[in-house]
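One chain, chain A, appears in both complexes that follow, with chain B as partner in the first and chain C in the second.
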Partner chain A sequence: MTGAAAMLRRWETAMLALLIAIIALNSLDSRYFLSVGNFVNLFQLSIEKSIVALTMTLVIIGGEIDLSVASVMGLAACVMAWTFHQGAPLPLAILLALAAGVLAGLNNAFWIAYVGLPSLAVTLAGLIGYRGVARILLEDRAIGGFPDWFNRLGQQPAIGPLTASIVIFFILFIFFAVVLHFSFLGRLIYVVGSNAQAARYSGVRVAVVKTDLFVSSALVAALAGVLYAARLGSVRGDMADGFELDIITAVLLGGVSIFGGKGTLAGVGLAILVILNLRNGMGLADITGNTQNYVIGGLLILSVLAPNVWEDIRNKWKGRET
Partner chain B sequence: MRKYLMSAAACALLALLPQTASAQVATATPGKDVSMVLLPKFLGILPFDQAHKGAEEAAKELKNPTALQFLGPTPQNSVAGQIEIVTNATTQGVKAIMISNNSGDQIVPAAKAAQAKGLKVVTWDSPIPSADGEDVFVAQVDFSDIGKVMADMTLSILGPDGGKFAILSASPDASNQNAWIAAMKTALKDAKYAKLELIDTVYGNDESEKSYTQAQALVDKHPDMKLIMAPTSVGIVAAAKALQDEKLCDKIKVSGLGLPSEMLAYTKNGCAPQFALWSFIDLGYLTYYTAYMLATDAIKAEEGVKFKAGRMGEYSITKDPTRAKGLRVLMGPFTVYNKDNVEAAAK
Partner chain C sequence: MNWLQRRVRPEQIRELSLLLLIVVAILFFGSLIDGYFTFRTFNRIASSVAIITVVAVGQTLVVLTRNIDLSVGSIVGFTAYFVGTLIAAHNEINPVLAVAIAIVLGAALGAVNGALVAWGRAPAVVVTLGTLAIYRGVLVDLSGAKTVTTDSLPQWLIDLPLLNAVPFGDLDIRAVFVFAVVIVLVFHVGAANLNFARRLYAIGSNPEAAQLIGLPTKAIVFFAFCVCGALSGLGGFMMLARFGNITVEAGRGLELSVVAAVVVGGVNIFGGSGTVAGAMLGAVLIGTLEQSLFRLGISEFWLDAVLGLLILLAVASDAVILQRLRALWARSELKILDEAPNERGAER
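Let's look at the complex of A and B:
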């Protein structure tokens, strides 16, 4: 256990070193990098993915995966836009969007936690199904024309230079860090993620823990979808399409084990910063999308390989000693 | 039709007015240092590469010491990618950004922020639908003309008996394609086209594979369909290939907007007997001139302003009749390609 803890700390230290290196390189490369405005932009341009990565961390540590998050984002945004378009006041439309998120989460949880189907399959179905509903609602239209306060919420600074979405990210980060690392539920998530069978035998209500995970994941995704709509000022059916992979990338790069039971929110926070700074730096250096994806893909492979290779080397070393 | 004549008359009047008021035609001052970004819908598509070529030609001619940046997103990430590039350009203090908009009005907040920092925002190929955050749109051809040309090609391929046809478009929110489809629907109301029946519209997102499967799906869904109209250079090739692969070119034809070099084989073998396009090289060239002159204050984005765009001659900024508000520079003209002239153009 202490080995694992030390290992994790090493991971976060490595991420921190990588982050510092990237920031240093970026500031040498572009004179526009080190400015408050650029840092706000850097966060703001991917803030919705960052928010969803928080709950994704809990889900993956709990030994599951939620592939439906991006579709839930799209669904929530479309439910909001559609009800608003039908004449409902926007606050009501937002509540309905969040409710749609909760329903999607309950649906996922039912099949996974109570019927016992694998989350990979269930949420893959969700990815397709929720996106389908979103597209049916909006057809091929784009709906915009939201009230000013809503667009301001997504586009203008709320506190100091920070937008509301960024403030919400930090609040949620602290909230989920407390839940995961300092609460009873958090300990249960690690236990269930390490060995669900053993947890069940020792009296943990595994189904309840999993329901909590999938409902929070979908609710936070729905909130992120609404925030995304506010940032762009208009909604269409393909919103946030494909975001799930970027989100999972951040979580895995953060040192969370895809097999569950291992990882910290701090690691994921650092990984988000690494990805955002890397993308932003490459953007300012006029390096375009394809190359950016290539670099981040390579980083992810390294992140999965490195700990395993390290373990291997260590085991061999130990084998020689004894 | 009457409406169309009226607006044409209004346009003619508008074109006359500034001449009487001031016949001044602005010219560009070469050699000014202006950092500019050319932003296509996404990278890896031939027409956008051609536009880039045209813009580079103009850049060379205007002796701009700062190299033109040609930056684009990946097709899978077009909306978020375009927004990111506009935002980064704003941070970098670029002077002008030229956008082929693929994000509908979702680009507006980023474009407005760019304008607030003093950037000139010129759209080309595909405008911002609401025109918010945009200085001027460089239009390839008049959108209502595109609708008419598409209807004419359909009629000439299918013959006087007409028949059923479907549209295979790009993404559902590509404002240029949507405007052309709307223009075609308007054109179809003319009695001349009474025998043509539009039965379906599908979207291939300007991805070859998706367009290909969408074309196949159209064939399966509508056994009596006689033509697929694809107003996108990606869709038209994919549709022609799908029909050729399924050996259906005798029964179903393809038409639309395409590049001669990509359509050569299909026009020769009869899968796509006619298609149309304008020069993307010229569009890139004119867009660069427009943005350069705006950024160097040689012209203002105002109705009635006239300017000389190098080898392409004189252009003027007018109201955009295809949108509720917004200004445009109209390039034109159109070329319809068939088996007689496609080979020469493909070289």
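Let's look at the complex of A and C:
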């Protein structure tokens, strides 16, 4: 067990080393790289994905997966835009959007935690279904014309150089880090993720833990959808389409095991920074977004492959000694 | 009840109910839409279902082994584009050779997935999520933003999707659909009867046990990914034939439709149970709904919501009803065993 813990610690160290190397290379490459403006910009451009990656971390450590997050982002934004378009005041529309997120999360949780269906299938249905509801609401319209304060919220710095979304990201990061690593519920998430059956026999209310996971995942996704709408200034039915893959990639790259029970929020935070800096650096070096996509895809495969290959080599080495 | 239980397995009841659902859907839409019961409707549904079905057959084999291949959409796009480019450059190429190239190209991409999963011991979700991005990325980079256009393709390829398999009377059944059905039949019978294919089920039911009894689990998983890639390559060729114009975006998001078809078709996402024919029925049901809702004049925007609900219901009924049925079947088998010694006792 201590070996596994040491391995995990090594994973975060490896990510940190990679991050430092990328930042060093990038700052050699372009003198604009190390400016505060560049870093804020960097963060801001995919801040909604980073926010959702936080709750995705908890869900995957809990041994489940939520493929519906991007559709919940779209659904929440569309609910907000639609109710606003019907004449409701925007704060009420935002509340309804968050409520829609909670409903979506409860729906996922009901089928997964209480009926016992696999989360991959339920949230795949959610991915398609919630997007469908979003499309029913807006059809092929784009709704904009939100009040100025809302657009400023998404686009202008709120505290110092940081936008409201970035501030919210840091608050949520600290909150979920405390929940995951320093609270009773956090320990339960690891227990359920390692062995749900054993957890149930030890008297853990597994269904409640899973409900917590899926509701918070959907609620945070809905919040991210609203923030995304604030940043873009208008809402369409296909908003945030396909984001789930990037979000899951960041979490897995952060050393979280797809089988649950292993991983840290710090690792995911580092992985987000690695991805952002890698993309930014490649962008500054005139490498297209497409090439960036598959470099990150390769990095993802490497991240799960490397420990296994390393183990094989070590075993062979040991075999030779004896 | 006993005669029924001896002749039918719970999984077959599930497939029959899916078939019934398709018939009900067709009758329902037929009563609402004028001129629904025509070969035009049939062909529209059939040609959209054919591609999904062929890829879903491969996906079924992978899912049976408790893995998943999310990269199928990228493999379809990759082969459709490159075989299209090849045929556009060499119009005189032998059609059989062109199909063979598509299959081999797909199988090679599938082999990469399979090797990483089987021997790299990396989780399939993660590996294929990565190769989904990589295959698509390589395609975009190599293509140089060019597209394959219909007018650069030879006539036989353009005529292929309209080819009639039954050239007499009013019957008009597209060869592409017949081809897809043949593939389903071959793989369905194969998966149910071949010794080799039964091992897919064995691995999916319990990977550790399969390893312990000495099955070459790694080679079998690798093989499943190769076949899935090969069938995706074939799907890519079918897509090229159907649309003619192929951009680098071809097949994007197809993996979701394919996984949806497989799940609706009753293949257990955790492996070990499900059939190829079931996956095809799933694809047909989704395709029927897609095309018919569109014809009904219901806004296309409702389609996804209905589809999501359908998948949920399919999975839920699979879990709840099938579990009960299996328990019922198992209990009656126990009863038969219980009765056996009693009968002998009576003879004595």
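Criterion: the second predicted complex is superposed on the first by the 312 of 322 C-alpha atoms of A that agree within 3 Å, B and C clash if a C-alpha of one lies under 4 Å from a C-alpha of the other, contacts with A are read in each partner's own complex, and residues count from 1 in each chain.
The rule we apply is simple: contacts are C-beta pairs under 8 Å (C-beta built on N, C-alpha and C of every residue); 3 or more make two chains touch, one makes a residue touch a chain.
Small disclaimer: the values here were computed from a predicted structure and weren't measured.
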Touching partner for A:F259 - first (chain B), second (chain C), both, neither: second
Touched partner set for A:G237, first chain B, second chain C, both or neither: both
Which of chain B and chain C A:L305 touches, first, second, both or neither: second
Which of chain B and chain C A:N293 touches, first, second, both or neither: both
Which of chain B and chain C A:P147 touches, first, second, both or neither: neither
Chain C versus chain B, contacts on chain A by residue: C
First, second, both or neither for A:L124, with chain B first and chain C second: second
First, second, both or neither for A:G283, with chain B first and chain C second: first
Partner chain(s) touched by A:N38 [first = chain B, second = chain C, both, neither]: first
Chain B and chain C footprints on chain A, overlapping residues: 140, 237, 242, 288, 290, 293
Of all residues in chain B, those that touch chain A in their complex: 42-43, 69, 71-74, 76-77, 79-81, 83-85, 87-88, 91-93, 103-106, 108-109, 113, 130, 171-173, 203
Residue numbers on chain A that touch chain B, as the complex places them: 30, 32, 35, 37-38, 41, 45, 140-142, 144, 151, 154-155, 231-234, 236-238, 241-242, 279-280, 283-284, 286, 288-290, 293
Chain C - residues contacting chain A, complex: 68, 116, 120-123, 125-127, 129-134, 136-138, 140-141, 253, 256, 259-260, 263, 269-270, 299, 301-309, 311-312, 315-316, 319-320
List of chain A residues in touch with chain C within their complex: 65, 111, 115-118, 120-122, 124-133, 135-136, 139-140, 237, 242, 245, 248-249, 252, 258-259, 288, 290-291, 293-294, 296-298, 300-301, 304-305, 308-309
